[in-house]
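Think of it as A, B, C, D, E and F in the order they're written, each chain with its own count starting at 1.
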């Protein structure tokens, strides 16, 4: 159905951004295929009975911690006639009771009660051979890494750690090295295909150009030490920079729109930062195939999850956190810096609209053309030093082609 | 296209609730197929020239009483270039004049005037062989039963009374045994497939569980005498109960969420009722394939018609009525009890959301699974005494499979 | 895919008004096929660097006047990863810089700069063989006639003047005979297929019937001298009338709804007019295939462009103008008369809703039927004197069938 | 009472009304009405045709209380909030201690997932009993412009 | 006149204006204007560029009356209603008997089938002639934020 | 100060606030706040759970000014306008020269192409410092009912 341009991963046909049949195939081959989907954080499930609702592609998912403290996931869909069991973002339950006919499931998704199973007054009820054990919720296999819970519909996908690979797990260890504390949530609807957001998240090329705030106030420039790490054939990537290593030049006076001259902050306390990590990295965006982003921008830490809402729309869910042992000053710094991120963040505001501009730009005759990604060559390699590359994007399309078989 | 699960009518694949091609087929095979669609009430067409606009599936329909007092129906679409002839819910007309070019039809849909048919000053106009008789409105065959007007596009469907069958006509006679008076209308959009509403309407299993008001205030429980009647292979059904026969037990203390303990009504006059019917039935929901519901809940009487609005949305139209000879006290009682029904009714509020929760629950991986309906066995039989059954739902799917040929 | 009724162009199957696949085909075969699409006015591009955003079907288009004063058009889509280059309706630029990664194009669409093309500090950047010349914007061929700018994706379409034909160009010369001045814009969303609007615009039959204002206040009646001109096999048409030649009769007392008896204007200055053109024509609507209308209603002059927004929706863009040398009294007259046109115009209000009423009328069973256009015969000929004809519509469908190959 | 003072009191009652509803302090809502009262939501479709059917109709303060019981413990629905706007409040007539008032209302509904919609818009037709104490609604008839309700109506408007 | 009294009168005029429109008492609408007056609906797109084109422009009370004739007997459209909200009413300047005022308006449109939408939102720029009798609009310029109209505009905003 | 005079001043501050925002006179916006101030937009999802995260949070007038710099010269977004409606403004408490106020706001957003939407609705929780001069916001906490933002939020609400 989908023919890929001969140039390979340095091209991506725009058609994949709007075609409803391709979207349906993605649900099957990617989200329900051999991938690990980020679901939520263990920290959001503090006790037995804690649950969260989330999603894998179009499928509504329920994640719960059971009586033994183990975490499991299942489709948020009653096995009787399909009603959602929970509509809230999260909470605590002893069991899950369906509102429609009161079928009741335990925290692992086993059906443990059917209202009027034996009828009333000896009449009606379920057939004698009706077996509760055959009618539990559709289970989703889960695995956790450093407190991040992932789920899969696949029985053949490699183990989570292998799926992520050593570079990715090392970076997760770096961030999730001690207990976190959730500071809040953002939700943001985007008028664009989910992949345009995933591309954006892993695109080092745009970061210091589109995001004028980055370059103007020297939070992030290509003239800092930094690099990109690609892994698992490029399915996953990290893009990082070290603020203290800035060299002047290459931006000023080049006519690149990304540095606004003569502008200052009236209250520069916003961009004071604390060096939290020994590696000197001040901005790092890790993008995990297919739909998760792990973000450090200065002292703001966040996980982002993109939820597709049809081919032309998506919703970005942000979970912002700090560490449980943050002192008040550091906590306050994180919160002040949260002005940089989210739907109203000095940096990420720009990402809110850029995907929509692409979506509208590729309408019409765009269905016959392709994005061109040749920055940094045409292959998929990690680089240290330079971030003038689109290897991370080529990696994404490699993953996409692997799974979509195109 | 659509393959049915081997288990037969005790299963219904969720795919039928969202697939646009199946939706298009339903329009052809069900709504425009060999069925009788409820259109409106004769009481809404009091005089020659009275008309109502309604619909059969996606097709806009005009029902009118002609000069001779006979009722007819036609597609609400000008035979010239397709404009709707009437946009109002109802009214009175001498004839139907199209706003676009003034083609004029009589009350039976015959074309009786074409503006400038003979041109102007001898020039232009319609060809000499243009035959008005060939350009009337598309007619819809109608038949009435006890004041309910039905319409069909089919020339082969059995006569209306045969289509309904003796049990259904008897129940219609019971309710429509004397002239009615219309008390008002409700309209309610539902974010779910039209069939989820039709299933709901004929589902005895949910009635006393989802609708906590029913069970808590003892308006309707499975521990009352009652039963279900299925007919025409289960296409149609009635689900009824007799309030005076309540036996305690089976609800209290079972953990079924449907009885709220320790709650009372500050003004219990709401649920005072008058025994209007000799058979002792206090709640009866009759569901006529494909899209009509005839409701008695205590002293509230209503017809409901579901209008599909694409695969994922529908609109429920309620016509609430009493009898013309109601005394003021009974009329007041009906109006007070109307707090039980409609989009804001203590009972039917719950049905407003439950279909949406199913629609969202079956998204994603749900396209591969099916609803399970084994309560009361796996066949389609009427029962008296027990209502712990889903035979009425299996009956609906039997009708669906018959028509959809799947 | 699309089979045409045997009657030919006196029929148009309603299916073309809602089918998404036909809509997609129209994009390819009509809008990107061998047609000239009206884009904007030269007067909107006063100086080098002036640009306007517009569209050809679904494709976003950028029209710009380059440094040499020549006008060119290109797809409004960055050649890198597809972002729109301009979102405003118009303005002035030295070059077009993409917000995403700062690729920069000159006013003709040539790529002239790629940010970090040579990397940073010798690392990264584009491959050595990356050729800017291969990555310009997708160009759209343009041609102007009397100040109207047209564009095409086709390399085989005949030259613009031939495409329009002598009757159409003569009428454009008549209106655009001296420099114009833009008085403002209207934008109006219509809940109907774009073709329903194009049909409406060229339909002389509805003009004096639907538009009661026309007939009641004698601005336009079929009992005036007038005629219709069809050209290029009817692809284009003009429908005109001469206000001073009105003969009474044929409207009054015929029961045609279009003359409201006993109604007058409290302030008749609204319909005072100045005879601007020597030919005595007071109302003339020129409809150019596929999507442009050139309107004179009394002293109001406007270009209208219909933009399809999917099969069921469209947006009508109006550009209202006068002449640069209008004296204040004439300018004021044009502005006062602008109460006749636009989304709130006494005449055109009616056109706002009529397409929606057709769209809703042809839903459902309508997919199997066709519009009937036999007024004035069944062929496509110009007539002088009579406007009781639908030849202009048959002409539109002739163009449609030619291109859609059906 | 001076007319500006009456207006102030009436305005204040309206402010408290929307505050209580929009803050979901449902239990306080019945106390804005007199013991014997009428609260009714009717669509303009029925209202203009003289059809008596309403979407919600409470004929006593007890019935108001029962609606609160309903939404707190009985009915099943997806959590959501209302946000009111009111304009054009006017006292149309004063008869003894009762003021007949009228205003335009608009209710924006926000669902759990953040979806917002224009849920209801129309007029309040009120009978307000003026103090010695705080004024109370003797009657509030809500005439909703739209003939239809999205999904369900469980909170008073 | 005292400034609070002027504000009261201006506010009252606004209330009557939206009441008349939202109740479809169109015939009364021209009488809220002086005989010689200007009523104009213009989009911000045109307004901000200094382009004179308006969506509706009545240059006399007669032209207001003609708009009522139009909507009552001439034009074809689907029945619908408006519901106004107004906020931020301020008197910006008083010059003799004329007050220059400004406010934010919002119009919700409800169609026959119950569909509601945000039809128009923007500002009213007014010149109001103050009494001896009731105040009247000498000029009302409606600047609509949106450059586009859904389907049609037949009722004044 | 008399309570009616305080109300007038508070009301006037609200009118100036929405006028400045809806007219895009951003540079004046910080001057409606005291030098040391708090302006914060938080969703009800976070607010009700006691989670501190906000969508925008300015802890000084300088930070307000920086937001203006951001929207004027730094951030990339599609041009659009806000239109505010406010209802139910009430002074809940006065403590010396500070009034604690509350109101319902509604913001309609209009995009370049004319698309309008209910962009945000919720409550303003204010601390207002009363004159000798004009009153100023010491604190404005905007609690938005919706947990989500459409595309982006670059203008203050």
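Some observations on this one:
Please note the rule applied: a residue touches a chain if its C-beta (ideal position, glycine included) is under 8 Å from a C-beta of that chain, and two chains touch if they have at least 3 such contacts.
These numbers come from a predicted model, not from an experiment.
Annotation of chain C and chain F: jointly contacted by A, E, touch as defined at the top.
Across the two candidate interfaces, A-B and E-F, the one carrying more C-beta contacts is A-B.
The distance from the centre of chain C to the centre of chain D, each centre being the mean of the chain's C-alpha atoms, comes to 49 Å. A straight line joining the Cα centres of chain B and chain E is 43 Å long. Centre to centre, using the average C-alpha position, chain C and chain E are separated by 31 Å. Residue positions of chain E touching 2 or more other chains, listed in rising order: 76, 78, 85-87, 106, 112-114, 118, 147-148.
Among the residues of chain C, those in touch with two or more other chains are 87, 89, 99, 187, 210, 350, 354, 357. Taken together, the chains touch in the following pairs: A-B, A-C, A-D, A-F, B-C, B-D, B-E, C-E, C-F, D-E, D-F, E-F. Within the complex, the chain E residues that touch chain B are 76, 78-79, 112-114.
Contacts from chain F toward chain A in the complex involve residues 41, 43, 45-46, 51-63, 65-66, 69-70, 73-78, 147-154.
Across the interface of their complex, chain B is touched by residues 14, 199, 205-206, 209-210, 222-223, 247, 250, 255-258, 350, 354, 357-358, 360-366, 369, 371-378, 383, 385-389 of chain C. Across the interface of their complex, chain E is touched by residues 87-89, 99, 187 of chain B. Those residues of chain E that touch chain D in the shared complex are 12, 14-15, 18-19, 22, 81, 83-87, 106, 108, 110, 112-118.
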